[in-house]
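Which chain is which? They are A, B, C and D, in the order written, and residues in each are numbered from 1.
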Amino acid sequence: MIDKTYSSVAEAVADIPDGATVMVGGFGASGSPIELIHALIDQGTSDLTVINNNTGNGEVGLAALIGTGQVSKMICSFPRSSQSRVFPKMYEAGKVELELVPQGTLAERIRSGGAGIPAFYTPSTVGTILAEGKESREFEGRSFVMERWLKADFALIKAETADPLGNLTYNKTARNFSPLMCMAATTTIVQTKRLMARGEINPELVVTPGIFVDRVVEVADPVHEDTLIADERSYP
Amino acid sequence: MIDKTYSSVAEAVADIPDGATVMVGGFGASGSPIELIHALIDQGTSDLTVINNNTGNGEVGLAALIGTGQVSKMICSFPRSSQSRVFPKMYEAGKVELELVPQGTLAERIRSGGAGIPAFYTPSTVGTILAEGKESREFEGRSFVMERWLKADFALIKAETADPLGNLTYNKTARNFSPLMCMAATTTIVQTKRLMARGEINPELVVTPGIFVDRVVEVADPVHEDTLIADERSYP
Amino acid sequence: MSGGWNREQMAARAAQDIPDGSYVNLGIGIPELVAKFVPEGREFIYHTENGMLGMGPPPTDEERDLDLMNAGKKYVTELPGASYFHHADSFSMIRGGHIDVCVLGTMQVAANGDLANWSTGAPGAIPAVGGAMDLVQGVDRIYVITQHTTKKGEPKLVEQCSYPLTGVGVVSRIYTDLAVVDVTPDGFRVFELAPGVTFEEVEEKTGAPILPAE
Amino acid sequence: MSGGWNREQMAARAAQDIPDGSYVNLGIGIPELVAKFVPEGREFIYHTENGMLGMGPPPTDEERDLDLMNAGKKYVTELPGASYFHHADSFSMIRGGHIDVCVLGTMQVAANGDLANWSTGAPGAIPAVGGAMDLVQGVDRIYVITQHTTKKGEPKLVEQCSYPLTGVGVVSRIYTDLAVVDVTPDGFRVFELAPGVTFEEVEEKTGAPILPAE
């Protein structure tokens, strides 16, 4: 019987090597896999390229991972949030590189990586400095920019429910980029609030089919970034 | 209060004009909106371009629409099913044109139409006669073919449940192309087995958000193509 | 200043122009206030980029779900008939032309509809674009709500944007504290003046030629 | 003919080469039989192009749901842990390289792995391609199950396909009634002979040079 469960977050992230590209689910605090990120901090791998819409908040989760110096490059759409203090410091010190991608293009590039589509055309950024150096082309009298797929070695994902086959559901807007990142990573690692038995998740309700998931670890009572920040916590 | 419900299938398809491009949901018999198709036969519009994976079966539904001569062009991946007799006859008589598109490319072209992506690259058809006349291009040392988006004036869709906002769920593999066609048509017309009150469909279970749907008509006890064929029925 | 609209009045005025049944995306800041002023007898459905249709007002403490946020990372609620979806579907709604109206704030708007609302272009500043470039290209009706001038009194409606562009020729209509201004093939044209505001005052505070209401 | 495998034995032999835990897509015809011969201790999860993972065997009359079909339009069942999705997601699984093994029937296979299984190219015939061209490009391991020759005795393993191609250089391994044949950089090579079959017999019935097992 196929069983993708792992017994701990530490075990689930143990083989992420230096220099890996890692997609991290979540939009701001919602859907951020804090326990997996903290396990990656403990594990200590370095020179990571991280793909996330933002750059973390406070001094926990993704912000903490950037703060330890483990991240050499961020690919994101909005690195400047009100509670984002770590990334600006590291960026200004020249310790982390930034690739800025409009949010819709970021989502579509990730989906394309998962869907085997090496490039597509989008109207976003046409006529702006973010289109500089990119191929553009007219279709039906309108200009579009060509964008390339985006893939990763690993994805760190937070789910609401999961089963041993890796079928996933999410909670509300915690879904965001996660289903796309599951598709685009070679190895997708999921922390789930509830581990269900095989067959317990309604097949019509599955958002991410298990084919896109490699490892599942139950984190029954996950911390939430906003709560940690309100408590002025930092990691490690 | 927004209310997209219509009282009859006849009313729902009344304004489809001659020469329209119409996407029809379903894969073979599963998910085929038979009542909407029959309403289109009654309505009598002609010179239609129809997009569906197949070309219908027996002498009901899509096959019947082709049989009346209302369809001048089919865009599909598999026009030759064991019970498809009408299309071959009309095709051999030169009464209907065929654009053959591989199934995955057909799905992705329709999604692209709905997602505002005018073109994308796919490895499918590379080196085959179906790639002839198409632009090809290398990415990372591999060849890909450029494919264009596909849109329609109308989509005819069968849902399991719908609410007055047009939120939809489907039953099992009756889902197939329907969510994509809802996105890609200017006017999406849905027949639903059950019309639910607003708020009755679990927001996590919605497969097609109402933004992609324009008209909803309840057909509580829909006929099924396979049953009609077993009964040797024809339409009209 | 004697006449003019305050922030809430600007938002209320913009809400007047949104048709019943519209799917609406509201930017952060004054645009968010539009949701407070839905005209009697109309219903708008709010889209948030991070994957939801049918977004409701901020929650009470009891209602709050830490996973339920809007694109501005503020807690929101779920209205009956809501739906959730992932980011690629969310931006398919935007890029594919399914959102009817988007209301945005801005730094500058040019007479040809160019919008600059994402970066001052200051050297060393950390750029952040979010979904703005997707929204302006994908949504047909881009409405902008903004003060007519900066705090320093510099015009925000200009002949050509000096800040980096968000999109070229994308703005339809502008709601300022002084007037409703259309972007037309002939450049800016006043559609309506705020109470107590004269065309001359608007003209003086606009950094490009502007035509009076027809 | 004294030796060789029948249809079921060919399918069973192919099943032996599919690793535990694989996501598998089975074509129509003999490939469908593979599901009957899953080796002890292994589990395969079946994908059907029309939007399902976790497809089970044909239903009883009571179990039958008219909406639940496979890509061959036959009624199937749902196993615990199944999931449903639309066609774009289904072909993302295929095109994106997520399906581990695909087993297909064929009309011809060439020594370089070219596959021809969708059209005879006969003038006037109605072409029908389905998902075959997506599968052969998207799935790494394309296994083919086929009789070694046509009913007329013509070789199906050939130097160059005479029928229109489904894909170029896509086939990994071929299971015929006579042998398991690999497509290698040196062309066809027997991996294993069916019981009672000699290499000479295989060589004679193959329309291209073929190497003996190593």
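Assume a contact is a pair of C-beta atoms (placed from the backbone, for glycine too) under 8 Å apart; a residue touches a chain by one contact, two chains touch by 3 or more.
What you see is a predicted model; the values in this text were computed from it and never measured.
Between chain B and chain C the centroid-to-centroid distance comes to 36 Å (mean Cα coordinates, whole Å).
Each chain gets a centre from the mean of its Cα atoms; for chain C and chain D, those two points are 55 Å apart. Shared interface positions of chain D, defined as residues touching 2 or more other chains, are 78, 84-85, 88, 91, 94-95, 138. Of all residues in chain B, those that touch two or more other chains are 108, 111, 115-117, 122-123, 170, 172, 203-204, 207. Viewed as a contact network, the protein chains fit none of the simple shapes, being neither a path, a ring, a star nor fully connected.
Across the whole structure, chains are in contact as follows: A-B, A-C, A-D, B-C, B-D. Those residues of chain A whose C-beta lies close enough to touch chain C in the complex are 27-31, 53, 77-82, 87-88, 91-92, 98, 100-108, 110-111, 122-130, 170-180, 207, 224, 226-227. By the touch criterion stated above, chain C contacts chain B in their complex at residues 20-21, 23, 43, 45, 47, 53-54, 78, 80-85, 88-89, 91-99, 138. Per the touch definition, chain C reaches chain A in the complex via residues 48-52, 65-71, 73, 78, 84-88, 90-91, 94-95, 124, 126-134, 137-138, 164-168. Chain A meets chain B in the complex at residues 108, 112, 115-123, 137, 139-140, 142, 144, 148, 169-170, 172, 203-205, 207.
Taken together, the chain B residues at the contact with chain C in this complex read 1-2, 111, 113-117, 163-165, 167, 183, 198-199, 201, 203-204, 206, 209-212.
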